[in-house]
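What follows is one structure encoded as structure tokens, with my remarks underneath.
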Amino acid sequence: MKKVYSAAKSALDGLLFDGMTIAAGGFGLCGIPENLIQSIKESGVKNLTIASNNAGVDGFGLGLLLQDMQVKKMISSYVGENDLFMQQYLAGDLEIEFNPQGTLAERLRAGGAGIPGFYTATGVGTKIAEGKELKEFDGKTYVLERGLKADLAIVKAWKGDEQGNLTYRKTAMNFNPECATAGTVTVAEVEELVPVGALDKMSIHTPGVYVQRIFEGKHEKRIEQRTTRAA
Amino acid sequence: MKKVYSAAKSALDGLLFDGMTIAAGGFGLCGIPENLIQSIKESGVKNLTIASNNAGVDGFGLGLLLQDMQVKKMISSYVGENDLFMQQYLAGDLEIEFNPQGTLAERLRAGGAGIPGFYTATGVGTKIAEGKELKEFDGKTYVLERGLKADLAIVKAWKGDEQGNLTYRKTAMNFNPECATAGTVTVAEVEELVPVGALDKMSIHTPGVYVQRIFEGKHEKRIEQRTTRAA
Amino acid sequence: MPWDRNQMAERAALELEDGFYVNLGIGIPTLVSNYVPEDYDITLQSENGMLGMGAFPTEEEIDPDLINAGKQTVTELERTSYFSSSQSFAMIRGGHINLSILGAMEVSETGDLANWMIPGRLVKGMGGAMDLVAGVQRIVVIMDHANKAGESKLLKKCSLPLTGQGVVDRVITNLGVFDIVEGGLRLVELAPEVTMDEVHEKTEAAIVI
Amino acid sequence: MPWDRNQMAERAALELEDGFYVNLGIGIPTLVSNYVPEDYDITLQSENGMLGMGAFPTEEEIDPDLINAGKQTVTELERTSYFSSSQSFAMIRGGHINLSILGAMEVSETGDLANWMIPGRLVKGMGGAMDLVAGVQRIVVIMDHANKAGESKLLKKCSLPLTGQGVVDRVITNLGVFDIVEGGLRLVELAPEVTMDEVHEKTEAAIVI
């Protein structure tokens, strides 16, 4: 069982199909699977539903998939940074399902954990709860949210090994561990592929059981809001 | 805000009351909060409901709390290793609520995560689901399980710092992270209290926000099933 | 004289207690961190997965793997821990964060809060705001008392789609500090030289004594 | 000649596929690890929070912080990762473990499994068994075909309280291998010199061809 691939293209071989659902890690442009997104763009696959907290920016990250209208629907909490996105959205070419950020994260975790539904107070009394089942627990009202699974999860980690074990770095972790669990197949790109045993066993954030394919890639790691103080 | 205490007794000061619910980390005798259990025994607090995967052994771990009949009810998945437990159970002095191990773990996580209920396939069609709400998702039946919170959580970690950040070691992690989130107040005992900044930031398994009190203790770490192979 | 942005942030800093874990929204709430008392041990949570958020980095310190929920580059502290999004919101939803200070477009007299969408305008999404207002122990809103057209933002009922229902504990505006209580807003404090008459005039929501 | 314990375990090892993540119950299932083909890359999960469980330790290697779900001391491997109980069962419940091989007291012709309590006897609890049978992709049971009184353990309906309903995929007994299919048990394989007549005689559950 070899999990290691040479690059994004081979790692995605046979996995893509029109109309599929993809869960993508990353928050803004931080910790996004840059190489896999680029390769999905090049594949030309269409009608994608993508669960990702954000939608990238024009010309980078998930924004790349908008250039050829590959995305049918986004499941996101915030999509403000992308003009092309907004054009397609306003033109009715792109559907968006807004999920509160914590609900999206928990939906992905639940999907990966075999939990088809859970109750949360988030969104009760708002548009988000409309049409969803409400239930009272101990006198407080909660809304039923569904676990979310994806045909494919694409994630980015700092280091990974040949068994698919992954370690993330700082806030580049974000949604990646949840997405990794929610994919029927999960493909991981890492900055550094290390020998099995080289990772600290107590800081393997995604155990290899969740990762079917892995490759080492180069990462631009573009910064969205460069904010500094005087030295 | 000083979280550091000198020992179990002072760390528990003012927290114990008769009839309270305690969530206790550990699996078997592995990763149990030895010092806190001993101190709870000495406090004489009564009528406890304890959520813990197991119930210790005679004279060690949670078994200590049975000697003076301090426990009213256990919420556990397996309690086989304790004669005194069985005597009190058979005599009707001790109530037990069996939870499947994964359901117990998820109930504690949910309790700590503000999720009052979740659906699982575990136990559907068995005694465990009797009297609980069933619901169908995508043609499969699931049972509603409730989030579980405790008045107090007692956990044991390998290393911790003065901010309450905790790092566990190997399988001594087990239920400790879940219990830490489920306590209204959480007290942690560690093998080594280290300066803030000394823990690897990517392997802090329990962030300090969950820990209100912490102390360094000595640990016997008794082994339940010493099993070896020839060298 | 009504408070300016910085004075509102300074007033909001009085909401902090030593040892608090706090989540600050973008905009004026971010300024609150400039007014934390020196002897207080305050830990800032950033909902993208960080507890113990530090200052903005120097040019040399910039790390693309280290940003806050506003996607700005930040730094870490000795105490910092990192975690995934589901863990971050478990912390928020589970009531482990003591205080969130955030901005709003409207607040109602029953504590409803609207700050994520204006019908007819481009909707960017709620991000983590709905989780924060539903989960954090105490919600303090900082906002101008009236909008640019001079209309009260403290309403009987929000006109905009809600972010959360009955979630606000306290509102700090340029005119004063108000708690949401049974029956409406209770005045806690007035900005210097602001009169009760002015507040009444500029407030649609019921004010209770 | 019916299989003995080791032969049942050896037969069960044929259920493994290269790359599988596997959870083995206590008792005979544990023996399966002795028969893993050398060229297979198999990872054992231990539900107390470990993926990549190694052999028992030598005296020198014993570590009280390193035990398996049977509370026995074990060792780690290069590939090993550790995680908390909720993460361990997220893995199990979410269907990420390929195969679980476990013992049973009774299995019904519809795949019901009973292995955790006998009414009137001391009940110790189900541990992780209910989660495993409900969540793991494929459930293979190893058990004797009949109990000590000679009564079939493959029943039309379990007499004991269930661990899981309709969860068993395959049963390996000392007499042979049986799949749970529409209508009952389908014989997959007989132990050497065991006849179909003997199986019919010793099986209460319906056998389909």
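In this document, chain identifiers A, B, C and D correspond to the written order of the chains, with residue numbering beginning at 1 in each.
The definition used in the following text is that a residue touches a chain if its C-beta (ideal position, glycine included) is under 8 Å from a C-beta of that chain, and two chains touch if they have at least 3 such contacts.
Being a predicted model, the structure only gives us computed values, none of them experimental.
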Discussion item. Quick check: more C-beta contact pairs at B-D or at B-C?
Written reply: B-D
Item to complete: Find the geometric centre of each of subunit A and subunit C from their Cα atoms only, then give the gap between the two centres in Å, rounded to an integer.
Response: 28
Practice prompt. Take the average of all CA coordinates in subunit B, do the same for subunit C, and state the distance between these two points in whole angstrom.
Written response: 35
Fill in: Geometric centre distance via CA averages, subunit D-subunit C, whole Å
54
Worksheet item: Which positions in subunit D touch two or more other chains at once?
Response: 76, 82-83, 89-90, 92-93, 135
Worksheet item: For subunit B, what residues touch not just one other chain but two or more?
Response: 106, 109, 113-115, 120-121, 168-170, 201-202, 205
Practice prompt. Mind listing each pair of touching chains for me?
Written response: A-B, A-C, A-D, B-C, B-D
Worksheet entry | In the complex, subunit C residues that touch subunit A | 46-50, 55-60, 62-68, 70-74, 76, 82-86, 88-90, 92-93, 112, 122-131, 134-135, 161-166
Worksheet item: What residues on subunit B touch subunit A, complex-wise?
Response: 106, 110, 113-121, 135, 137-138, 140, 142, 146, 167-170, 200-203, 205
Worksheet item: Hey, which residues of subunit D end up touching subunit A in the complex?
Response: 18-19, 21, 41, 43, 45, 51-52, 76, 78-83, 89-97, 135
Worksheet entry | subunit A to subunit C touching residues, read off their complex | 27-31, 53, 76-81, 86, 90, 98, 100-106, 108-109, 120-128, 158, 168-178, 205, 221-231
Response to the item:
The subunit A residues in contact with subunit D across the complex are 1, 109, 111-115, 161, 163, 165, 181, 196-197, 201-202, 204, 207-210
